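Residue numbering begins at 1 within each chain, and the chains themselves are lettered A, B, C and D in the order written.
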Amino acid sequence: MIIILKENTTAQEIENLAGIVKSHGVVPHISQGMHQTIMGLVGDTTRIDIESISQLKIVEAVRRIQEPFKNANRKFHPLDTVIKVGDAVIGGGSLTLIAGPCSVESEEQIISVARNVKSSGAKILRGGAFKPRTSPYAFQGLREEGIKLLLEAKKDTGLPIVTEIMDLSQLDLFDEIDVIQVGARNMQNFELLKQLGHSGKPVLLKRGLSNTYQELLMSAEYIMAFGNEQVILCERGIRTFETYTRNTLDISAVPALKKLSHLPVVIDPSHAAGIAEFVSPLSMAAVASGADGLIIEVHNDPSKAKCDGAQSLTPENFDTLAKKLHILKNAMAEA
Amino acid sequence: MIIILKENTTAQEIENLAGIVKSHGVVPHISQGMHQTIMGLVGDTTRIDIESISQLKIVEAVRRIQEPFKNANRKFHPLDTVIKVGDAVIGGGSLTLIAGPCSVESEEQIISVARNVKSSGAKILRGGAFKPRTSPYAFQGLREEGIKLLLEAKKDTGLPIVTEIMDLSQLDLFDEIDVIQVGARNMQNFELLKQLGHSGKPVLLKRGLSNTYQELLMSAEYIMAFGNEQVILCERGIRTFETYTRNTLDISAVPALKKLSHLPVVIDPSHAAGIAEFVSPLSMAAVASGADGLIIEVHNDPSKAKCDGAQSLTPENFDTLAKKLHILKNAMAEA
Amino acid sequence: MIIILKENTTAQEIENLAGIVKSHGVVPHISQGMHQTIMGLVGDTTRIDIESISQLKIVEAVRRIQEPFKNANRKFHPLDTVIKVGDAVIGGGSLTLIAGPCSVESEEQIISVARNVKSSGAKILRGGAFKPRTSPYAFQGLREEGIKLLLEAKKDTGLPIVTEIMDLSQLDLFDEIDVIQVGARNMQNFELLKQLGHSGKPVLLKRGLSNTYQELLMSAEYIMAFGNEQVILCERGIRTFETYTRNTLDISAVPALKKLSHLPVVIDPSHAAGIAEFVSPLSMAAVASGADGLIIEVHNDPSKAKCDGAQSLTPENFDTLAKKLHILKNAMAEA
Amino acid sequence: MIIILKENTTAQEIENLAGIVKSHGVVPHISQGMHQTIMGLVGDTTRIDIESISQLKIVEAVRRIQEPFKNANRKFHPLDTVIKVGDAVIGGGSLTLIAGPCSVESEEQIISVARNVKSSGAKILRGGAFKPRTSPYAFQGLREEGIKLLLEAKKDTGLPIVTEIMDLSQLDLFDEIDVIQVGARNMQNFELLKQLGHSGKPVLLKRGLSNTYQELLMSAEYIMAFGNEQVILCERGIRTFETYTRNTLDISAVPALKKLSHLPVVIDPSHAAGIAEFVSPLSMAAVASGADGLIIEVHNDPSKAKCDGAQSLTPENFDTLAKKLHILKNAMAEA
């Protein structure tokens, strides 16, 4: 962090600021020019609030050089984090397929889809029990009942389960759930993140619709700072001016997040595209760019799905895609 | 709502769709062209899920004509909603000033600021107890203690209090709070909105950083659909490519939200600007465009504020601004 | 500008960089820490290409402290620029109304509108001859003929004319035009800006739909660097996720641009709103925030306008608005 | 296109509107409900100005069903357009590599890079002669001299040339250039597009930083409507809130543009990323998603490049990447 001081700052004022900085365990390094004094901060600046420094009367500007996150930072943790969930391994060069319906609708539906996606190579089952919907009049998910049905499917197929939590009051229901998903709209629900820090379970953290990489990593930092290192980052499309697709997949998030952080990065091509026929090319792109996994919506009868049918693959489509991804992944290994 | 059907749809398929539509209490009106059949839906379409219709095999496109919200819609409730909080009246042509510090920091601080803003004409005291911060290492607010101090300030000055809730587990602490604020990052925390629908207290609902008017009104609709009609809409700046200001105040939100809805509209120029010297011109603009109120950050010593000091007014600045706003409001009455 | 060097940079490499910097007439000021060396540049850094410095092998990061524009910068030119066009004075605390139709359609239309807006207090007539349209199949303006009709209206009413140029090949036709408008889509048409720098005529420069204040000021800088100081900045709404309004008026642009620059700032509420009934509240907001002028679309029969009818005021609406603005401006003077 | 009429519209008014519609060669199809009358338009609606219909007094809303472009529309031209430039073939399933420096800097530089990229498999040489720069003080390109040097490199290597035009006054200089590039900032320079429609040369049309697919295709439509069918669409990253990368590559543009249009789609990973090490993963993603080609910045000494060095590959990097792309493309053929 570099603090640029205003002209005419006195030696006493500079000394005071140096004192504040030292109290945060950081070493100030002062460089006095004819017109301008600059203070460089050496050490761990993640705990320094850039805003409270900026508003001091003697400060003209503050520029951050280091990232404000530490636990999630690859600089302090060079090796890939690898997360194990049942037989699935996420991170470290593998390609993990997560698949299942937008919403759990019935026991028959979820077990049928679970068996299908398992036979095509999915290692984790997804399915929504609590559904965040823009309208209070839209289907809100089967809620508690949905969680029970997911656990039935787990018993039947052996697949571990990932499903979304919407509020920390629901946490008790997630005891036997394997991976807790935090949805895009809750990425900055900081009270929830803190509790998930205490939960000890892997968390699939979705990037908010208009959030930056740094904000995503700061939310991961919340979970990690409260004791939980098992965070999976998920890019699911951001909001842009393009409305032909539901959202815009930011494919650069794969190399960028992997450079900034050691955490695994998973892509959700279904919500990114919103259109089933684009799920395949986006999945291929994700794997080609180095993603650690994919989370894909699969429904036994998309035209009757209670939500997101337009972006769901049939089990047959998913099977075809899984085969293509396998060929691609092998080619990547050679290249 | 208008449903455009694909070519070659059979009479039987159209009849089936008409049946589905009727089951939602809406009358289908079919117009059969040579190439294209169109079904117009007459009645209350707010409860029809546009998405589930879109994904049907015979449907080419669906276009919504009416707004998907009803309780918040001015069409069904032409008169302005007016909300009374202590002596304050929000909506219906009045101009209500809400002021106070970003964070409650100490009893002395909050009482001193409360007395100051009251004497300048503020009718409600704002102050953060629970603070949503991007970094887990930043000051998180005094929390329970902050609520207590706000209630001390209420006792001292008689000013009603508005403060932010971050999670529904905190709801019990808000018993004596007058207006519950939902922050921008929680605008689509639907579980929280539902509970606030049951709370019976006025809710100040802030627009999310990248949300549309319709999404804001759908979040208001959540609160209203669960039984609480006292919702105050708050525009606090949206995220745009411009980073010179902290956010971008969308001043058109004032006439637009007032046209779409009967709910009062309040502007937060402090978070919109992020720079104290712009708070005055933005406040003037808000009143000139017809806003029902302003929520402004005032701190006794901005350069030492624990958060948002850069955008806080001193009590003196606020007093000067309040006088200017008074002159402006009078001129508006003549114009 | 501050250059942060990578660790292990040698003394020789630092000396070489200092040499490069000096060759741009800027004094390097080196501060060597234990881990990090920082080079602060003192002097006029507008001519230093931040990008070419960033890509040097020894450079970790570069942070700009000063703005990259100079001619347009209030720091080097503290007094407001005031531009005189006929009887109109733009800048320096006055409020100038510019009004007229989106497109010139006929002699009768333009003269009738010109007389009307003049009688309501407009000081400059606007009207499009060359029209940038998204579709090649839409009305492209009367072009040369439109310029002639504008000059007829000027002769008839004495009002100076502002109209848009779309390509520098059209420049000869603008000989008798008083103010040349550069549209939002041409804000970064750098070849055009250079020529307008030579033209000696006032230029009304519209902000691009997704451009920042700095980019707008850099485009003004192009015109000024090539010799023309008469630039009027125009905020006309930016593109955001909100589509209920045509664009989103960035009202903070008024205080922000006036702080950064000495150039006058004019607001176009018609293109910002896209809806006639919002033109009045946005115009009021613009004046309350300190704008130097307004450019408003007025059409004698909006429902038959060849473009932008939905956002055009009738002459009667404009007259009512002009009276309200007058009252507001007077109140501002008192406040 | 569907026109929703206001309640209480008279039969005579509807008939008048039907007449207007028919005059555009489109058949109106009226469906009269109890409350609402809907007019569906059957036929080619590309020439109907949706805006001028919207502003009619009897119209409540207009919704477009068909795309407003025709020449560029795959519906009317199902087969892929294939463009031949020298030995290069763009479109129809091939993968064409276009490579070269951001700017032409000297004869030695451009010839050396040209030979290098040719030997790695590039089929077209890129290089900037006219450079659009945000700052008037930045290097503006070698201009005429740059064009001459590109033609030297063409003579030396046989590679066809693509280079950017910034203004139509430069068109004469492009006589021997093979593909004319329209930069992102000129995507809606409609006068330039019209002239390129007459030029008969292939045009590489870059998507604007904040433009939609439809706007890009409407700009292609300009070129095609004026007689030139050889348009190559180029996605080069859009502006989003993420600033870690220079722009955000919208990878969905590949399947989306290819579904909407028959024109070839090329990806520019260099400008999208702005960071050399991300060019490889983004290139892989582009090919995996089905792109017809890549345009990549390659410089013999990136740290000394006059522009965009930070995003340029060395010839060695490019050679490695080309080999990986070859393996990927072969795998795609199997998959």
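Here is the rule we go by: contacts are C-beta pairs under 8 Å (C-beta built on N, C-alpha and C of every residue); 3 or more make two chains touch, one makes a residue touch a chain.
Because the structure is predicted, anything quoted here is derived from the model rather than measured.
Asks: By mean C-alpha position, what chain is farthest away from subunit C?
Replies: The chain lying farthest from subunit C is A.
Asks: Counting C-beta pairs in contact, which comes out ahead: B-C or B-D?
Replies: B-C
Asks: Roughly how far is subunit C from subunit D, centre to centre by C-alpha average, rounded to an integer in Å?
Replies: Inter-chain centre distance comes to 27 Å.
Asks: Could you put a whole-Å number on the gap between the CA centroids of subunit B and subunit D?
Replies: Inter-chain centre distance comes to 40 Å.
Asks: Take the average of all CA coordinates in subunit B, do the same for subunit C, and state the distance between these two points in whole angstrom.
Replies: The answer is 32 Å.
Asks: Provide the list of subunit C residues touching at least two other chains, using ranges where the numbers run on.
Replies: Residue numbers touching two or more other chains: 210, 239, 241.
Asks: If each protein chain is taken as a node and each touching pair as an edge, is the resulting graph a line, ring, star, complete or other?
Replies: Chain contacts: complete, every pair touches.
Asks: Sort out for me which residues of subunit B touch subunit D in the complex.
Replies: 2, 4, 29-31, 33-36, 38, 40, 42, 60-61, 63, 65, 239, 241
Asks: Sort out for me which residues of subunit C touch subunit B in the complex.
Replies: The touching residues are 210-214, 238, 240-245, 248-252, 254-256, 259-260, 272-273, 277-278, 281-282, 284-290, 323-324, 327-328, 330-332, 334-335.
Asks: In the complex, go through subunit A and note every residue touching subunit B.
Replies: Where subunit A meets subunit B, its residues are 46-47, 49, 51-52, 54-57, 68-69, 132-139, 166-170, 185-186, 188-192, 194, 209-210, 215, 218, 221-222, 225-226, 239, 302-303, 305-310.
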